[in-house]
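One chain, chain A, appears in both complexes that follow, with chain B as partner in the first and chain C in the second.
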Partner chain A sequence: MDGLRRFWFGFKVGAWLGWQIESNWTDPFLFAVYSVIKPLAAAAILVVMYAVVSRNAFEHPLFTYIYLGNAFYMYVGGVLQGVSWAVVEDREHYRTLRYVYITPVSFMAYLLGRGLARFVITTIAVLVLLASGVLFLHLRLDWAAVNWPLFLAGLFLGVTMLAFMGLMLAGVLMLTVHHSWFVGEAVGGALFLFSGAIFPLEVLPQWLRPVGYALPITYWLELLRRTLVGSTARAFPTFAHLETPELFALLAAMTAGVMLLGGVVFTACERYARRAGLVDRVTNY
Partner chain B sequence: MRDDRVLAERVPKARSARLFFMTVIGRAYPRIIALKREKSWLAFDILLPLIGVAAYVFVYRALDAPEAYIGFVILGGAMTAFWLNVLWGMSSQLYWERESGNLVLYIMAPAPMMAILLGMALGGMTATTLRAGVILVLGSLLFGVELSVQAWLPLLAVFLLSLAALYGMGMMFASLFLLFGREAWHWVNLLQEPVYLLSGFYFPVRSLAYWVAVLASFIPLTLGLDAMRQLVIPDGERYGFLPVSVELAGLAVLSVVFIAAAKFLLDYLERLAKQEARLTESRK
Partner chain C sequence: MDRQDWAIRTERLRRVYKVREPGRKGELVALDDVNLTVYRGELFGLLGPNGAGKTTLIKILTTLLAPTSGRAWVLGIDVMEAPHRIRPRINMVSGGETSGYGLLTVRENLWMFAQFYGIPSPVAHRRIRSLLEQMNMLDRMHTKLSDLSTGLRQKMNIARGFLTDPEVLFLDEPTLGLDVAAARDVRRMIRTWMAAHPGRTVLLTTHYMHEAEELCDRVAIIHGGRILACDTPTNLKRRLQREAIFQIRTGPMNGLNPQTLERLPGVRRILYRVTPTGVRLDCYLEDEAALGPLISTLTEHRVRLEALEKREPTLEDVFVHMVGHGLDEGEGTHAG
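Our next item is the complex of A and B:
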């Protein structure tokens, strides 16, 4: 019970601190604009690319596929980076990691909490992106036809999976010095290519597709598309052989695997970092 | 005249050409030598951008786009290395130097600040040209992109003028961001994707509305990238925004304006640093 209380307290404090760091550098209006401009610009790149080649055929299922995949992929960057980046930020920039580490709260929970702040910001950006798609780009999203319970359950599973992937990365970052700044971005970029976020896996060369099929994010994005735009999502062959409940079960199993692996890797890295005296290291790199 | 003003004017920076030149070399040196000493850039500065570029190539493949578009993405992807270097290696550099305690040494040293920034720019430019070149060659080989240079001299002129204007802008931003506190990081971060969009890194800039493209031309890479695509990609002229000669003239004007603005802002900041003695304070 005491362990649970410590975990909850660490999570709460991490989330509060994360929110302060993310948002209190400017006034709320500017912060809100800042939070949506970047993702809107990134989505607009894809929209322009699509519009130029397809001559504005926004009603085609491929557009819905690309748009939704890109919108929800923002959670990958946000949560993964939010959890893992906290190690680098606290250690190198604010130089407070050593103090946080010796406080009687769960360090793992603290890092997960830091990720929550980025989750909230990303959620705002995703909502703005979806609303823009429906209002201006004829995105085929029928709110009444959405399978809300499955969507929310899928979203929860996916975000949990991403948080533990971020934890794994945070463990590795506790041990590394050079290029710590880029690791999160590198992992996010690699997953973007292989997870079928903005194009169906069939477009990848045959020998690269297994990488995509091995990633839980690929299943997560497919599940979200199916819950939001069922028939449109099923027009693509990638997971045509899987029924939606099967997809959900697979995602749940993969998430459990990632949670286990994330916990083990993080604990092992943390122990090593403590033994080797790396927790309070400042590299100035 | 106030005492602090008198002090500021009585301690001028040395102005000899030799000192200027040596400072440029000295500041460029670590950026170039790091290429040899820290080999991990091969993975992080080449593999990472290539993966991003590949994703956009596959989007075009999914759309059955003409092959020229794959070339646009590869060339645009290679040029992102310069934009990232200007943002993170130039614009925010003085801010980071302040946070790590080096800025005060720069201000105190007899070396001109303009030379320090120019050294950073030249070092960054050299290292980034190598990175961008590798991305261009690897990307072209991987995706079978055909590049054929129509005219070498205009291409060289476009490339050099683009870099002059771009790094001039970076030098100007470096001074501007020094006036910021913790928000500097966020502003630099904010400039990444919107500029990818406005400068047409992954599509021809003429795909944007005409006046949006005109406004985007104030970002040097917009004109530079468009002109390079016209000169390097077969059939590229068909997708060009303005004639190459006009874009060359625009880049020349931008180079002069940005470098002059950088000089003006740096002088202003140096005066501010001496008069208020607060500029070098860390503001986390």
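Our next item is the complex of A and C:
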């Protein structure tokens, strides 16, 4: 198999398996609860908090800012978790890691494929969230005014960036001894406040802001908001000095950087795991 | 034989594990100076007790683990230099574990692994059907793995090994934990496959002597990370030809220490086992003349003799001869 085929087969089979696992709900009702109602409930909490603090100022642009930021931030936990978690799941639960590892496909591509299913399921949740916002909460989203090509390009860039961040985590998980449950979600949660998801970075204390400016996620969320609600998003100070194309270019550059770093980190971890005898360590004990 | 005929080759292979348990820091030498050549078309057995290093060797050869030093080649390719060129041409199954995706059916599990190797679906499905048939589990094809017994899951995994038609197949204790019938299915499967695919190589580890003796063209005896001997079962046994091996069944030993028997002239080693009906002594003698004094000593201690049988050396006897104890027992069992 040449490099491209090794990548494609790994990705394809990983995606197929990921979907089988993610959608394996004998009860469709449970599936709905997990993938849609749970995120809706989380958003509802945020909305209620906003309503109390702002005295129901749903017309204020800040609401749109928060609502969209929160909705798209779901991709962070979902994709990070989806890509990295496959390592632990295959190793500890299905006990297949060693067999998958010695197949001809690229293990990296396989993990990226495994994450794809989570992306799809998160997309369902995001769509439901956006629709509920428009229908019930006066979310200022004018479908006709959305810059679709830029939105889709931005979404693709961001998800790719998240997938490679997930690979870095996957690499680390290959080296960890303890069952590190839900590390993807945890990392996602930790970065939530620094990424401008629910408030502009200016709200953070001065010394914490650089964290936000260094995170590609911040640029990504801002870009998505701009492509969806244009001027409303530009009213916020964080990246006001940047034109949308500049923002896009920055995000593209950062994504390229993350991809490179993710590939290097993952490969290094994998190589170390093979040296240290950690690839399938769990089956020995 | 020249290089073209090597399926597996190792040179001064060594693997050291770092032990990081509390109170027991240090290094553990799992493989030491292993030099091995397996030829194409061979069914090669690695025979050794727990912890001998069998799995470690298989992991290195299947590109799961890096050697600490030394080199290893599979199909002429260095395992460290180009693992991706080895992987499409090999496969591996470990017995005694029930890996697989429980939420998928047997057929889906197997089909998925075939996909990793780029095997077209129609070919994969044809092979799956035929393998399951040979494994006597065709009726379970559409059963979810989570609903299978552990034995059947293990059989499915063995089918997975053959599915990709590997040039070299590694089987790590394939019959471990299987019942007699299932183990027989697996052994028959291995033989059938080897017969149908000349030029394919199987490296199999086991600690069942009869399995190695029945299946393998050549056997390496591995102990403490070292290869002690490597030859055909017949040649290995021939090394013991000059020894006389007697099996004596007796009643209770009445305080007679087997070590006393070992000190008799001409007695090499006595293996002592308590059986449900009494005691079984395997006596390795330099020649038959040593038997007389041995029997006298037993009768002097009023040990009741029940049966006496001279037998041909088995692979197990070779193992005892080299390692100093039986495969299924720890050090010192022979002393009672």
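Definition applied: the second predicted complex is superposed on the first by the 273 of 285 C-alpha atoms of A that agree within 3 Å, B and C clash if a C-alpha of one lies under 4 Å from a C-alpha of the other, contacts with A are read in each partner's own complex, and residues count from 1 in each chain.
The definition used in the following text is that contacts are C-beta pairs under 8 Å (C-beta built on N, C-alpha and C of every residue); 3 or more make two chains touch, one makes a residue touch a chain.
Everything numeric in this text was worked out from a predicted model, so none of it was measured.
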Combined model on chain A where chain B meets chain C, clash or fit: fit
First, second, both or neither for A:Gly10, with chain B first and chain C second: second
First, second, both or neither for A:Arg275, with chain B first and chain C second: second
Partner chain(s) touched by A:Val105 [first = chain B, second = chain C, both, neither]: second
Partner chain(s) touched by A:Phe192 [first = chain B, second = chain C, both, neither]: first
Partner chain in contact with A:Tyr94 - chain B first, chain C second, else both or neither: both
Angle at chain A between chain B and chain C, C-alpha centres, nearest 10 degrees: 80
Minimum distance between Cα atoms of chain B and chain C in the superposition (Å): 5
Touching both chain B and chain C, residues of chain A: 94, 284
Residue ranges of chain B in contact with chain A within the complex: 38, 40, 44, 47-48, 51-52, 54-56, 58-65, 69, 99-100, 181-183, 186, 189-190, 192-194, 196-197, 201-204, 207-208, 284
Residue ranges of chain A in contact with chain B within the complex: 25-26, 34, 37-39, 41-42, 44-46, 48-54, 62, 66, 93-94, 178-179, 182, 185-186, 189-190, 192-193, 198-200, 203-204, 284
Residues of chain C that touch chain A when the two form their complex: 17-18, 55, 59, 62-66, 84, 87-88, 90-92, 94, 97-104, 108, 112-113, 115-118, 160
Touch list for chain A against partner chain C, complex: 1, 5-6, 9-10, 12-13, 16-17, 20-21, 24, 94-96, 98-105, 274-277, 279-280, 283-284
